[in-house]
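Some structures to go through are shown next.
Both complexes shown next keep chain A, but they swap its partner, so chain B is in the first and chain C is in the second.
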Partner chain A sequence: MSALATYSAQFERYANALTAAERAPRSVQFSRFLDSGFPHKDLEDWRYSDLTALNERSFEPDVSASDDALPDLLLDGADTLVYVNGQVHPASTAARWHSDTCALPPPAVGIDALNAAFAAGGLRLRLDRGTRLDRPLQVLFCSRSDGQPTMSHQRHLIELGDDAEATVLLDFSGIGGERLSTHFFDIHLGRNAKLQLYRIQNEAAGGTLVTRIDARLSRDARLDGVTVDLGGGFVRHDLDLSLAESGAEATIAGLYAHARQSHIDNHVRIVHAAPHGTSRMNYRGLVDEKTKAVFNGKVVVQPGAQKTDSEQRIANVLLSRKAEVNAKPDLEIYADDVKCAHGATVGQLDAVALSYLRSRGIDHDTARAMLLRAFALQILDRIEWPALRARVETALHLPAELTLDIDA
Partner chain B sequence: MAASPDAAAVQNIREVTEMVASRKLYSAGFITDIEADKVPPGLSEDVIRLISAKKEEPEWLLNFRLKAYRRWLTMTEPEWAHVSYEKVDYQSISYYSQPKSMKDGPKTLDEVDPKLLETYRKLGIPLREQEMLAGVQNVAVDVVFDSVSVGTTFKKKLLEAGVIFCPLSEAVKTHPELVKKYLGSVVPFADNFFAALNTAVFTEGSFVYIPKGTRCPMELSTYFRINERNTGQFERTLIIADEGSHVSYLEGCTAPQRDENQLHAAVVELVALDDAEIKYSTVQNWYPGDEDGRGGIYNFVTKRGDCRGPRSKISWTQVETGSAITWKYPSCILRGDDSVGEFYSVALTNHRQQADTGTKMIHIGKRTKSTIVSKGIAAGRGQQSYRGLVRMLESAEGARNHTQCDSLLIGDQCGAHTFPYTEVRNPSATLEHEATTSKISEDQMFYCRARGIGEEEAVSMIVNGFCKDVFKELPMEFAVEAQKLLAVSLEGAVG
Partner chain C sequence: MLLEITNLHARVEEKEILKGLNLSIKPGEVHAIMGPNGAGKSTLSNVIAGREGYEVTDGSILFEGQDLLALDPEVRACAGIFLGFQYPVEIPGVSNMTLLKAAVNARRKHNGESEIAPNDFLTWVREQAKKVKIDPKMLSRGVNEGFSGGEKKRNEILQMLVLQPTLMILDETDSGLDIDALKIVSDGINALRGPARSTVLVTHYQRLLDYVQPDFVHVLARGRIVRSGGPELAKELEEKGYGWLEAA
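Here is the complex of A and B:
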């Protein structure tokens, strides 16, 4: 197996520094990774996203770059936990939510196994019953590499006790260079817990970012998620929600826009495992230049999950001849007393609307930007954190006069 | 329709009687040499050579078969479909259809399972089937139980219009240039596992050629039936509509009730040249297995139409009520500019039936249009999946697609699934997909029941309403048949 040789060498070096007890489970994961390699097109879940090119690559482990100056990404009014290439940065105000260790999953395959083999700790947010996080928590993952390609792998945990509440922003912002980062999040929401989760991805081209969020919702728990992709090289994001007990509710909104040469793959899976669950999935994409967008939504209603109410909407605007959209809104339903709907569209900006604006003396670029913003608004309106919303709108390069209404 | 239902039934009986009579004639010679034709179960190059020799095929066709067989050996059975079943042992199948000895077959109506007869009686069409069974004691039975193209019946009349309609094996001899040009041009020999297998061993099927500017004077119809134990059926149909022609083709299928699973791996190829139109309708009623999922047909079919010329049109309509497992995706390749593809489907799974069916629309030409309407009904422990692909290539300027797929669930043990793949590479293309899943509402049921309509009847009525968009695409006779079929297939699903 020469293809993955450099990973083997890295793992050997890494494992030698561990105790025997620490090493054993990681060796199992690593050998599973060696067996499967990086995911390829023949796997249904990776049909449009092929990572086999990484088999031949070689990544050095990250060296600490903690003292570097941070880009201006920290949001006002939030507590911050900052990782630069996987290391906690001294600018963090909420370092108490960091943990050096992490729990490993059962033996996995592919990139999940790679992550588990090398995984370092990361965010560990645990809230007791009835506690509420006063300020939103911004977890910034900053990555950069100069020269030699590097990789980092982290595992994170968010655990909210019954009736607990929190607002968390997972902020992935790369500065450049060739990197491979994987981040796996486990989220547990207790009864009636509420989590407002934002995920913003604005990596530089050239990097590979694989993230997965697994969340389990207890009775009457509520997860509101907003995910925004604004760039990146190869980005694969999995969001796996299980409405495990009755009355749980999940609302997920997503936007991918403004990427130039990115490969953006979103896989969202919502499993209704108990009755009276509600889920909403609303994704919108503005796909331009040479970007390839992949969206796979899946709603599974398990036997007995009666009175499920679920809706999936995916809308895309294709803006360039070199761009590509692959959307697949799946439904798997094993119960009969349910309300499930899904819809997917791909189209272009309305020529009539464009010409209407032009006839009112608005120049083409502004008119186009207005329509693009109108299209994205459904998702942008879900960002209830003004500073964050302003940052997203700025990143979208929407003309200033169009964004004035934010604070109004 | 002016004719009263009774008159139509009488007409139907007369036609069926004629058909049975014509089959009897055909069968006489067939049965005599059948004993000598027996091919033991198993698949090898020798078996393929034997099939080819029996059919007196030219060298190129044998080589085509062998090429497919050699490739098939390197392929693995696809597993992505949302179905689970016991894998087929390809060496236990006899590849040259051979009617079972008369001793073991049913000789009189008393020996035929009354449930089967009852089903046929309810169906209406299956009158033919009953006629055939009723005549069990004469030699015709073997032919009736075997799968034979009825095409020959109308051959002469069709020839006057210039239409060629005959079994494929005959066309190989009489029109080799057409067969050689088009066979395998839509579904390549190694397209997929089952298509490769079919290419290697196909034995039955129809060939249709509609010449330039001709509107086929009557509906063409082929009726397939698997009857033999331990066999697979490998039908191969090729339809070519030359420039400016039009044809409507119907296909029906049934199989007897057995405990074993049988394989039906067909390939259907349609070619529509400039301005031509092909309408292909299927009412599939293979034996679905019993309530506990014993027996039934594995229906693994590759159907594809190629809109080769500008402004051509291919329309698929299917009513899938039978088969234990259905794996079928009638597709359209919209190559010609302004060509149109349509897919209308009703699929019903009851008891333990599983269906993974849908379509593929590949938009290549400019301003190509496709419409997909899929209605899935799951009852009992049936599992129902719609799997569709709409792909718009870079060249598909101004292409449009609309997909509507709805599922109806009857009972809390069944499942309805949707897997719509959409791939768009042209910024001027427009694609819409919508889907809903629901059950029969209490209000609708109450309304019907309050007006003295029985429960099963009410369900049947509501289901028919649900399927209306598809049924209206079927030729009249088939639409009536399809409604009855649904009612029969749903029996026992309620209450």
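Here is the complex of A and C:
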């Protein structure tokens, strides 16, 4: 059987159930996928992340809805939209933000095309001008597989009108088994709209998760993003922001930590397309055991985007000899009146600080945990949702007595 | 005997620094260790505290009768040994308060006691901070983060006041201090003096000894203690320098 043959068989079965009008654009996408296959390391954007092993795999599409009990992942105080393997779960309290349908992109390549060929709907959060979500929205994407590997592909939309405000958590949690999930998010922020966007990834080791967020910010819009990777098998996350109009502001903080043998690849791209834009990118990685982390941060300042104020900071700590990190900050500037700073570091845990803490009676493991938390703190402090922060700190296995600082 | 050092040989990166050092300290005594640069004063402090990078090749150290060299540095600290560092490290992200709380609770756990009640602890730490003129606001900042040289040394003394060690080793705590800071640091050391607690002052200059009166003064040169005496020895050193002893 030739490479990708199982995907062809799956697509044929899937397309047969569609109307001719529905089928045509998806067939185009699928043939584009067949031409390109899964991304491989000869592609600049995939240099350290190769998915060609998937060419020979076989995944069944998920079709049946699950109403099995959920693991304890729902956060207090939030509205919830829950997907299990791409299907809406009855535990959702905010099913009104689900859409069965989705818009397809122009003909794509690679995994984008695969997603578009099979794409199901998903989150569709649309807020009118001046409205605001009273409670944060937790969108939980739960993946599990018991026997036959399965796959799901979804496309999502967040559209905030002028002056609208929302807090959204994209929560990717895996329970086990071999799965392939892809998610594409289109985000549009109107003038002066504010989106607090969290992304938490804690997939199981057998999962392949590819997510992409494209966001466009209008005049004076503001996007505050915090992304945390805590596990996973193969994880690729692209965040592509366009500060399309004057005065837009994006602050993105990221942490990847605690993974044991994951491949975690974050690609962040911020395009300043208009003047007076502000962007902050601050990523920190604690890379342990056999984990391989890739970080690619790019800021592009287009002609005319004067008075841009941009900063990107990437810091990594390698905690084991077998861990690997490839961090690359990148800056392209085509305007002359801008302020841009960037820097990337890879280091090890501070042995002098460790020795100092031990000299005060603190045992080695606790001292190490204190220093790991200290390193992650800049990012943890950006999580302004207490229940979410508590969940992340618990997942990081930080000693509980150290996670609450006493106010002096 | 609180501390008994016998024939101590130690090296750092293949270089032998201590070459058969003997020192006995009884409870309540204050010993000053003086000597020229490179004599091994800091090595002695670090070997007692158990810091990594120092290899003991011969000899023994007994602390309250137990073999100190067999213990990890954190266990030595829990047993009551405190080293005030010459160059205290900055640890952004770990607040002074968190460090103090973790250190106090580690010691309580070592002694089979329950964790300290947060309110009692706060009150206790604030009282000690006042003694070394550290603003309570600084306690919620990272350990020594952005502290001046003098503030770092005062912070070492604060940790010592909070932890109430049995043996205080102060490694050139007086270096780089102005006269006001020196007074504050000395007051902190004197406040802890008592019949059950001993002090080792490692210093290059006689200045600190005007404020903290030692019972014994030792001169460390070429990896050994070459002369011991009372406080008058420090004065003699101040006048004559170390050359006459090194040559001897």
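In the analysis below, the second predicted complex is superposed on the first by the 401 of 408 C-alpha atoms of A that agree within 3 Å, B and C clash if a C-alpha of one lies under 4 Å from a C-alpha of the other, contacts with A are read in each partner's own complex, and residues count from 1 in each chain.
The definition used in the following text is that contacts are C-beta pairs under 8 Å (C-beta built on N, C-alpha and C of every residue); 3 or more make two chains touch, one makes a residue touch a chain.
Keep in mind that this is a model prediction, so the values were computed, not measured.
Enquirer: Are chain B and chain C a fit on chain A, or do they clash, once the structures share the same frame?
Expert: Result for chain B and chain C: fit.
Enquirer: Contacts for A:Met370 in the overlay, against chain B (first) and chain C (second): which applies, first, second, both or neither?
Expert: The answer is second: A:Met370 touches chain C but not chain B.
Enquirer: Name the contact category of A:Tyr7: first (chain B only), second (chain C only), both, or neither.
Expert: After superposition on chain A, A:Tyr7 lies in contact with neither partner.
Enquirer: For A:Leu318 in the superposed arrangement: first (chain B), second (chain C), both or neither?
Expert: first
Enquirer: At the CA centre of chain A, how far apart in angle are the CA centres of chain B and chain C, to the nearest 10 degrees?
Expert: So the C-alpha centres give an angle of 80 degrees.
Enquirer: For A:Tyr283, is the partner it touches chain B (first), chain C (second), both, or none of the two (neither)?
Expert: neither
Enquirer: Least CA distance chain B-chain C after superposition, rounded to whole Å?
Expert: The answer for the closest chain B-chain C C-alpha pair is 16 Å.
Enquirer: Across the two complexes, find the residues of chain A that touch chain B and also touch chain C.
Expert: Chain A residues touching both partners: none found.
Enquirer: Report the residues of chain A in contact with chain C in the complex, numbered from low to high.
Expert: By the definition above, chain A touches chain C via 350-353, 355-364, 366-367, 370-371, 373-375, 377-378, 401-402, 405-408.
Enquirer: Quick check: in the complex, which residue numbers of chain C touch chain A?
Expert: 49-52, 72-74, 77-78, 83, 85, 88-89, 91-99, 101-103, 105-107, 110, 115, 118, 121-122, 125-126, 136-140, 142-143, 159, 163
Enquirer: Could you please specify the touching residues of chain A with respect to chain B in the complex?
Expert: Interface residues on chain A, with respect to chain B: 44, 303-304, 306, 316, 318-321, 323-348.
Enquirer: Would you pull the chain B residues touching chain A in the complex into a rising list?
Expert: Contact set of chain B toward chain A: 80, 82, 392, 394, 407, 409-439.
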